[in-house]
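Next up: some structures, all given as structure tokens.
Here come two complexes built around chain A, the first alongside chain B, the second alongside chain C.
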Partner chain A sequence: MRVIPRPRRASDAGTSHLYSRWTPYLFLLPYLLVFLLFRLGPSIFGLAMSFTNWSIVGSPEWVGTANYELMQIDPRLEAALKNTAFFTGLTVPLLVVLSLALAIFLNQPHKGRAIGRVAAFTPYVLMSTVVGVLWTWLLEKDFGLLNVYLEKLGIDGLPWLVSQDVAMYGIILTTVWWTIGYGMVLFLAGLQDIPTELYEAARIDGANSLRLLRHITLPLLAPTTFVVLMLTIINSFQVFDQVYVMTSGGPGTSTLTLVQYIYTTAFQNLRMGYGAAVATLLFAILIVFALVQAYLYRRGVTGATT
Partner chain B sequence: MSATRLLGKVIWYVLLVALVVVMLAPIVWMLSTSFKPETEITTIDIHWVPRTFTLENYERVFERFNILRWTANSLIVSTAATALVLLLDSLAGYALARMQFAGRGLIFGIILSMLFVPVQITVVPLFLMFSEVSLTDTYLALILPVGANVTGVFLMRQFFLNIPYELEDAARVDGASTLRIWWSVVLPLAKPALTAVAIVTFLSTWNSFFWPLIATRTDASRTLPVGIAQFMSLRPGQAQGAQAYGQAMAGAVIAALPPVIVFYMLQRYFIEGISMTGIKG
Partner chain C sequence: MKKLGLKVGVMLMVLALLLPSMASAQDGDEVVTLEFWGGWTAADGDIMDELVQQWNAENPNIQVTLTRQQWSPLFDAFVVASASNEAPDILAMHPQELAQFIVRDLLTPLDDLIAGSEILTPDNYLESAWQPNVYDGQLYAIPLDLHMHGLYYNLDLFEEAGIEAPPTTGEELIEIGKQLTVDANGNHPDDEGFDPENVVQYAINMHSNHHAFFQWWALYRQLGGQLISEDGTQCAMDIDKAAQAWQFLQDLVYVHHIAPQGQTDYLRDFLSGRTAMLIDGPWQMPSLEAAEEETGFRWASAQYPQVFDEAYAVWGSGHNLTLPANVADPEKRDEAIQFIEWLAANSTQWAEAGQLPTYREVMESDVLTEMYGREAFLAMMPYEVFLPNIPAYNEIFASNAPTPMMVMAQSIMLEQADPATAVQTACDEITFILQMQGQ
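This part shows the complex of A and B:
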């Protein structure tokens, strides 16, 4: 027999006597304990630390906003901010556009598309440090595969990871190759949700493929695009692993990113108060993005789809 | 018409081949390099199949590095963290979805708000906390923070919101306790959600780098990603002097192989888990 769900909510009268008033809290307790100790607590503690001169040696003192004042005249932080913005500004559009194109391409009803999907997603299965190690070799200046092939095509290879001017492009290239499959999977899921009747109806009306793409596929993918955009922006601002393995922020400060700077400051130079302040700055940046996105979401995406 | 269609199809297949080559060539090159002697590696002569096939790089890697230990550490930590997350999140998600109690909205709100707080802000305090109780370099330090994840609770709650009440009611009439209902009625129904949460948790813990890099100081306590990261200290001009890309690639292959094989076997679940958490998380 099929169970037909009756619309009902936990707030309906009559459910509360079925369990003791403490039961919900007992169910929540284990998670909340871990959550308080290892997430909420440290987050608040981190914010508080940003107002101290905490380091491994000596006892920490409140220094008010001194860390934040120092941040305004810190050239390394300025470099880290610029680099992170540059990385995000280039990686995000590349990833969104390419993974969307890839999803549309691999959604065509041709045999063999499954192979394409698996191939495109495979790099994403690799751990970040494997990707970092692998691409350090591929981008090697003299014997790396990329430069050797470029030379064969008569193009001068680039000193990918050893020159201040191009090192960040090496990191971006690596990141796009590594994570393109992730966006593709999300877009493919979005494409499945578009009813095929829409395409059939439009075709009967004589619309060509380009018009279908422009007037059906892209508008109906807007919510997915929004999610992919949001996730890639957040991830890009927190880029660290590839950078740590491939360049450690170098040469000079050319690939120093915010999180790399937090790591170096707090755990190599042991200026933990200042590191916490930089982490707070990252938090503030992400909050601004979240607010902008929430605003856009309410205005744009819902308006476009309904 | 059929001519353009044929042309379209040919172009599509050409692009497909190009795509597969671009995405997989780096991985094939990693394999190829790992089986070459060092003299055949640092050359502009490209041979996809090694002319001299050698296992020397792999032998060196096992000799010089604790790579088996790192793999074991990663397995233990990822498995334990996944079990912990499944237990905590399905309990908490059930309460948040199905029970009525004072402070429910507030508690859920606070949990969700942490989605916007980057984990980087927690690592300095976490490191100090674990140092304070001398727990750095332990599995506990790597496992417990994973238990505080937010997406798992969110996913479980979303799932529990949508299962019919009738089954629970029937069990309740039979006199089952809430814990019993959660265990023997609700959890079996929640298998799809549990699978998704398990896959995503395991993967993210297995690949996790930032916190393990900070929380582990001794070589024996490292996880695989942290161990692999130091292969590039073999870079020319650094510590080991000699150009040892062969060994670096051998290490990378050892670390990459298990996840890639598991991925090819469990593809569907991977993709489902990722699209589920991506869209809803």
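This part shows the complex of A and C:
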């Protein structure tokens, strides 16, 4: 984060008394209120809720750590954790590598550049429900566009969303298509921050494209890569919408994710306490990633020298 | 220009909001407004809208506002609204969904409220429609309609294959099914050289969603099976019978090859001739009627087959009307009852949406019986079996989450899992959920 320089005190004597050390906080106040009211407050409330039995109506009943004990023997939660980890483990590398490749390609001066950037970013603008419905059709087993084309190429189509072994790949494919534009935009910005003189100097020294990529582009992109990596991990752990629309967690439990499990438990089955306990678990997982990020950032491992 | 349009629009909206109240203020009488929530989001919702408008025109002193959204978020909103005493005055749902709200005191018992009603009496309704709304000896909802699985068939494909009547038993279903199933070379399932990987026309659809479970429920009940113990604390499935019912459905796909695997769009496949028959609910009739008009698609309907002999049963559910407990003004309940009475007596129009009204006078009227395709469904009304109305309904049976029901159905029908094993797993999970609820 950049430190915002203290504004210069106005030389005009008429306004100087308006400025005090509390002024910056005054400007922070609106966000602080929103943060307290809609973020921190509910988080603390949620944590407290996780020690109760509550169905929204009626008053909560204190049950101590019963919800956390239940979590240890809940097969659905285990499935949700595994599925979410699998989804994250596959989606994150795919998204980082592909959006980087796409950004590098669309950073070259060629004719298709502008349209390519628009095409790659457009899906990200779509609502998750639209993406879900669209891909449910594309991935349909018998008449879906994807299988039809695969079969034209002589490859057997896959039962994308109606098989426990394949469904998660269908979700991952959808997610990569949908969100690749986001990483790409960040990478593009990063690429344009790299001074062109560096490339020119290296070329004069006889470096080929591969060496340019390895020794200039990638190292100087490291801070961006780090940001994309972290955002993708955090977003992937919270995957919900597209899964809910496309498979509702099925077939079987093969695409059940943590957030869907929280939603179902708390709002459909009206077990707010247990839902809150699972949400606390998700929060703990994400905190671990945030701490790792903060640690690496401070250590400068990311190459963040700016 | 744009801004002007916006301003005019806003003014019109404000006017529209003010006008009814101004009009009523002139009457001098107090106008009661009723909030009515329902989950009808298709053509049925539009018809309900029309019915409400008709009521509003006839009853200037009792104005009903209909709010529609999908059932699942509707119930989420209902619970939250109940927590702050802002629940709607009338809420539609399905009988098997009652218990989860009754145990949380969110619904009003109706027995006293309808004591003086000439219309809302058990005699005016089929027992199969009335009884599922009774919980612990008290009535919590008035039935509006019923729906259940029936069998649609493509008249052209039946004539082509020389079949005169739709199947009524399991054996007939398989036998006729084989005649109606054709592979790319024109072979049928029992022919030499039949290629199950290359079927161009299947006899019948096979659900890969919760409707697979509903079909199993019908067959299991035809075998006389129970799902939940009387005291509601554990799974009471007869594993052998449960597996036998699943085996029949699984074999249609994997042994007889007369139904497709992993199907997702049942109506489209039926209309395109990919399947010659369709198991589905009466709500499909408006779509079939539209196809008939546009493309000349010829169809007819029949009762769901009786596969097992113990008793005839068919999966079903229905819409009913409840009076939520946590409302802003409980005084309005009498007006709510008046509206429900009117809706019962005027529900003929509701049948156009493919719904089957349960109010006897309407149900037995010529208008309804003479509507094309309705007869078979009306005949099944007394035989429909509801899913158990228990507080843990959502956790066990919801179709938009990996509930024991969904997992069992999908593993058997999509992954060809062994039915007995899958049933046992589901039974253990159901008991686990019920005992957790009991705590």
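Note that in this section the second predicted complex is superposed on the first by the 261 of 306 C-alpha atoms of A that agree within 3 Å, B and C clash if a C-alpha of one lies under 4 Å from a C-alpha of the other, contacts with A are read in each partner's own complex, and residues count from 1 in each chain.
Operating definition for what follows: contacts are C-beta pairs under 8 Å (C-beta built on N, C-alpha and C of every residue); 3 or more make two chains touch, one makes a residue touch a chain.
These figures come from a predicted structure and were not determined experimentally.
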**Message:** With both complexes overlaid on chain A, does A:244 touch chain B (first), chain C (second), both or neither?
**Reply:** both
**Request:** Based on the superposed arrangement, let me know which partner A:252 touches: chain B (first), chain C (second), both, or neither?
**Result:** second
**Message:** One more residue to check, A:140. First (chain B), second (chain C), both or neither?
**Reply:** both
**Request:** For A:201, decide between first (touching chain B), second (touching chain C), both and neither.
**Result:** neither
**Asked** Once the shared chain is lined up, is A:55 touching chain B (first), chain C (second), both, or neither of them?
**Response** second
**Touched chain A residues, chain B compared with chain C** = B
**Asked** Is A:294 contacted by the first partner chain B, the second partner chain C, both or neither?
**Response** neither
**Prompt:** After superposition on the shared chain, which partner residues are touched by A:267: those of chain B (first), chain C (second), both, or neither?
**Reply:** both
**Request:** Applying the touch criterion given at the start, work out whether A:284 contacts chain B, chain C, both or neither, answering first, second, both or neither.
**Result:** neither
**First, second, both or neither for A:155, with chain B first and chain C second** = neither
**Request:** Please identify the positions on chain A that touch both chain B and chain C, taking each partner from its own complex.
**Result:** 140, 142-143, 244, 267
**Message:** Taking the touch rule as given, give the residues of chain C at its contact with chain A in the complex, in rising order.
**Reply:** 72, 75-76, 79-80, 82-83, 100, 104-106, 208, 260, 262-265, 326, 392, 394-395, 398-402, 406-407, 410-411, 414-415, 429, 436
**Message:** Residue numbers of chain B touching chain A in their complex, please.
**Reply:** 9, 12-13, 15-16, 19-20, 22-27, 29-30, 33, 41-44, 46, 84, 87-89, 91-92, 94-101, 104, 107, 110-111, 114, 116-118, 120-129, 144-145, 147-148, 150, 153, 164-167, 172, 178, 182, 206-207, 209-210, 213-214, 224-226, 228-229, 231-232, 235, 245, 248-249, 251-252, 255-256, 259-260, 263-264, 267, 270-271, 274-275, 278-279
**Item:** Interfacial residue positions of chain A with respect to chain B in the complex
**Value:** 3-6, 8, 10-11, 15-16, 18-19, 21, 23-25, 27-28, 30-32, 34-35, 37-43, 45-47, 49, 54, 102, 105, 108, 110, 112-113, 115-116, 118-123, 125-130, 132-138, 140, 142-143, 145, 148-149, 151, 177, 181-182, 185-186, 188-189, 224, 227-228, 231, 238, 240-241, 244-246, 259, 262-263, 266-267, 272, 275-276, 279-280, 282-283, 286-287, 290
**Complete:** chain C partner, complex, touching residues on chain A are 55-58, 70, 75-76, 79, 140-143, 159, 161-164, 244, 248-253, 256, 260, 264, 267-270
